[in-house]
Amino acid sequence: MAQSKFEYTRKFEVEDKLLPNSWIVVRIDGKGFHKFSDTHGFSKPNEKPALDLMNKCACCVMNDFNEIILSYGQSDEYSFVFRPDTGVYSRRSSKIVTNISSLFASSYVFHWKEFFPEKDLIYPPAFDGRAVLYPTVKNLRDYLSWRQADCHINNLYNTVFWTLVNKGGMTNNAAQERLKGTLSGDKNEILFSEFGINYNKESMQYRKGTTIIKKKVEIPSENGAGGTKLRTKTFQLDCDIIGDEFWNENPHLVEAFKET
Amino acid sequence: MAQSKFEYTRKFEVEDKLLPNSWIVVRIDGKGFHKFSDTHGFSKPNEKPALDLMNKCACCVMNDFNEIILSYGQSDEYSFVFRPDTGVYSRRSSKIVTNISSLFASSYVFHWKEFFPEKDLIYPPAFDGRAVLYPTVKNLRDYLSWRQADCHINNLYNTVFWTLVNKGGMTNNAAQERLKGTLSGDKNEILFSEFGINYNKESMQYRKGTTIIKKKVEIPSENGAGGTKLRTKTFQLDCDIIGDEFWNENPHLVEAFKET
Amino acid sequence: MAQSKFEYTRKFEVEDKLLPNSWIVVRIDGKGFHKFSDTHGFSKPNEKPALDLMNKCACCVMNDFNEIILSYGQSDEYSFVFRPDTGVYSRRSSKIVTNISSLFASSYVFHWKEFFPEKDLIYPPAFDGRAVLYPTVKNLRDYLSWRQADCHINNLYNTVFWTLVNKGGMTNNAAQERLKGTLSGDKNEILFSEFGINYNKESMQYRKGTTIIKKKVEIPSENGAGGTKLRTKTFQLDCDIIGDEFWNENPHLVEAFKET
Amino acid sequence: MAQSKFEYTRKFEVEDKLLPNSWIVVRIDGKGFHKFSDTHGFSKPNEKPALDLMNKCACCVMNDFNEIILSYGQSDEYSFVFRPDTGVYSRRSSKIVTNISSLFASSYVFHWKEFFPEKDLIYPPAFDGRAVLYPTVKNLRDYLSWRQADCHINNLYNTVFWTLVNKGGMTNNAAQERLKGTLSGDKNEILFSEFGINYNKESMQYRKGTTIIKKKVEIPSENGAGGTKLRTKTFQLDCDIIGDEFWNENPHLVEAFKET
């Protein structure tokens, strides 16, 4: 069979290796989740089972790609941070992003029923994905801070908006008008003085998003001799990752990759 | 909130627009389907429901992306051909490939039960994806010929191999040894003279893979006046796409995009 | 010597191969030639020796890279068109553009005195360079038309502007104001009715730029037997390359590369 | 004029911005300098005026691009290191490399006579160029070490080779055979015991290449009041840049760009 005659077309593929020794962040984001959330009747602003399902999918991804040191998710998006020295798929960009977004998407369908036992999935979702490089720990932290700040801004807005609509009886348009030009402080104030809601007491998961890391912990060794051994465990957190505290408490995440 | 302070990190994303006016082919391929097929007890060399499920997923993708003019699938892979003038996602490569591979993967899980009513999906599959550009119709046809020739070569090999093992009682190693260095003709001969199998009578779907195209067909118009109207219909074919016949019969696929 | 310890840094280089089977156009453009022209007292709007020197440099480039089938130059820029099947430097983009721009620049200095026997070169010029791909002959011709249309637009503007200043005694500002919003017709009219200049009789080289091609011509063979033989000759033209005439007269340039 | 009709072809250009916040190294290398050196009768292994001319051209480049913090040259190549935060040409890769290689090449011709007053330049040279990113100071230093180690290896080899040929009366082939498989120590030994040459006393410029940096130095201020002021001066060095000493003495080069 004249395969060789056609095989030249493989040469049209382009190499897309990512620069060595820099952090690779893969961010995936649900396609058209505005519509997807509506279709599935997600509660507004936050449908906890949907967020938990996102976290579950992220764990599946981290399970398959053990060089991911941290994942951060909020709304319909998730960011996966690979060690700067990762050799995953020889750092081929499209290999990495497609494998991650497709695994995330198939896991979403696969695990749906665990989070929505009463609700059928109406259509299968897609997720876009992209790989971004960050040369330094500072750049990486700023990236994560950008996403967490985005979570905060959107969640505060959405919380007030839906409170005005659902509890305040406003139309969507009226609520939007009301919020135009308001600052964070104004929004907190509306919530508190008009509805008695202290935004800072809202669920951390909604306000901060979810951060997943691995950590070595001591567990009793099995030999019964009473000693301990180290085991890698996955932790799902809803803490602040903008400030230094989180990073000081988890120096293993980035210390090894800082310049000296 | 100091979002602007962090937003600079968005600038680290790279633009990856694909060259205008050239055919975009997105090929997805199952990750580790050797293991996936084993785990799910797929029959060898071909598990028809699995191939049909792949075709179903391809239809889902074509439904969502209406500028795909042709799709071709075999084994655990599928190729999607976009019109050269497509503006899908502004031709951003990673947007296109991740949306397609993730939709394919989530559809695979979503539709699994329709094809495997008796069999549970054990774990959700991932698919890698890549975008490749082909400047001319000739290059595009050669690409598709490459994939269909690959289908033929693998299927012929696998058919003889598993016949030797399953019907000839050989071990895997012995069958492999037996086939080392054989040409197409030799393999056909083994099948025919030793097992009475005429390879050319094997299922076209296995030997040729599946080609999906859209075509405008005349259907009776609904107004009862007896006229007809044009409707776009999807066709699933298992014909040869290497020779000219298929292309002569479907000039609408590429004619408009040839140089004059 | 511990070279291997450091050699890993070579891996940080990126592959930048250009898509096969598409036209490669390399355009170079003088860096800061506004200032360069002023410093060297070039006449306005056109300094013929400078344009001729540009053409000379283009010939040097075409001499070194024999897969360039056509070059087109105007003002401080030159475009070089490589055959779509060229394998020059394995189609490595930066190799191609840097070799061409640096050869063009060094030739500029090297040949300066031939064109400016009375004038010293005050500082050595730099040229930026870029490679652009065009999949079809139509795209390629449109590219060249874009550059020649640009030549026309700028030259017409500059011709009127400097006529208003030099012959009309206007200040630069006044001339600029006068031309604001005028169309081609208006500019032709100013030249003709106010200064008796018929723009279409201005030098073709200025109005059309310079096109360099190679062509096989018959020359008398040297053996004295009176026969002829084919020799490749370089032609420097100042004709229109937007219309079909030029392409019909020189079918060898692109015919072989059209789809059939 | 129907420019807009053609201007779409500009869209075929690709964006090639280099990742922010990483060191940009541009390395240029003479095209076919084996032949160029022969043609111009360069002495072997080192033609001092040719090396000095290279250094001169590097200074011209550094003069035009003031964000180059260090340049390193040897043989027919030069590396230019841009600050990681440089915004030169918006970090567009081809803009940067073509401007640098073409300026280097034109300067080579422009300054030739100052270094070869008795020798005519026979043809103008070209230089290829490439941009490479290095995320950390360590990577950058390793890159420079790689180039300086390369200089050492080649120069030691060439020194012995040409000594064997010119002083030892060997043919090129015999010298090559003699050196096959020898280590650094062997080569030093040949030079010393057979020709009384102590390699370590050979010119530093040949053994180490040339490093050019800028440094702020105190100079007497002009006002006559006896004070001093800071002025940026260019230093041309032929020292080792692999070890720490050079970097400790010049902390201003990289300290500001280290992670903290």
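Just so it is clear, A, B, C and D label the chains in written order, and each chain counts residues from 1 on its own.
One rule holds in what follows: contacts are C-beta pairs under 8 Å (C-beta built on N, C-alpha and C of every residue); 3 or more make two chains touch, one makes a residue touch a chain.
These numbers were taken from a predicted model, which means no experiment stands behind them.
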| task | Identify the chains in contact with chain A as well as chain B, in label order. | result | C, D
| field | Comparison of A-D and B-D by number of C-beta pairs in contact, larger one | value | A-D
| query | From the centre of chain A, which chain's CA centre is farthest? | reply | C
| query | Can you give the whole-Å distance between the Cα centres of chain B and chain D? | reply | 51
| task | Quick one: report the Å distance separating chain C from chain D, using the average Cα coordinate of each chain. | result | 31
| note | Cα centre of chain A to Cα centre of chain D, whole Å, reads 45
| said: Multi-chain contacts only, two chains or more: what residues does chain D have there? | reply: 12, 14, 19-21, 133, 139
| Chain contact graph: line, ring, star, complete or other? | complete
| Along chain C, where are the residues that touch chain A in the complex? | 11-12, 14-15, 17, 19-21
| request: In the complex, go through chain C and note every residue touching chain B. | output: 19-22, 84, 133, 135-139, 258-259
| query | Which bits of chain C are touching chain D when the two form their complex? | reply | 1-3, 5-10, 12-14, 28, 31, 60, 64, 93-95, 97-110, 121, 123-134, 139, 142-143, 145-146, 149-150, 152-153, 184
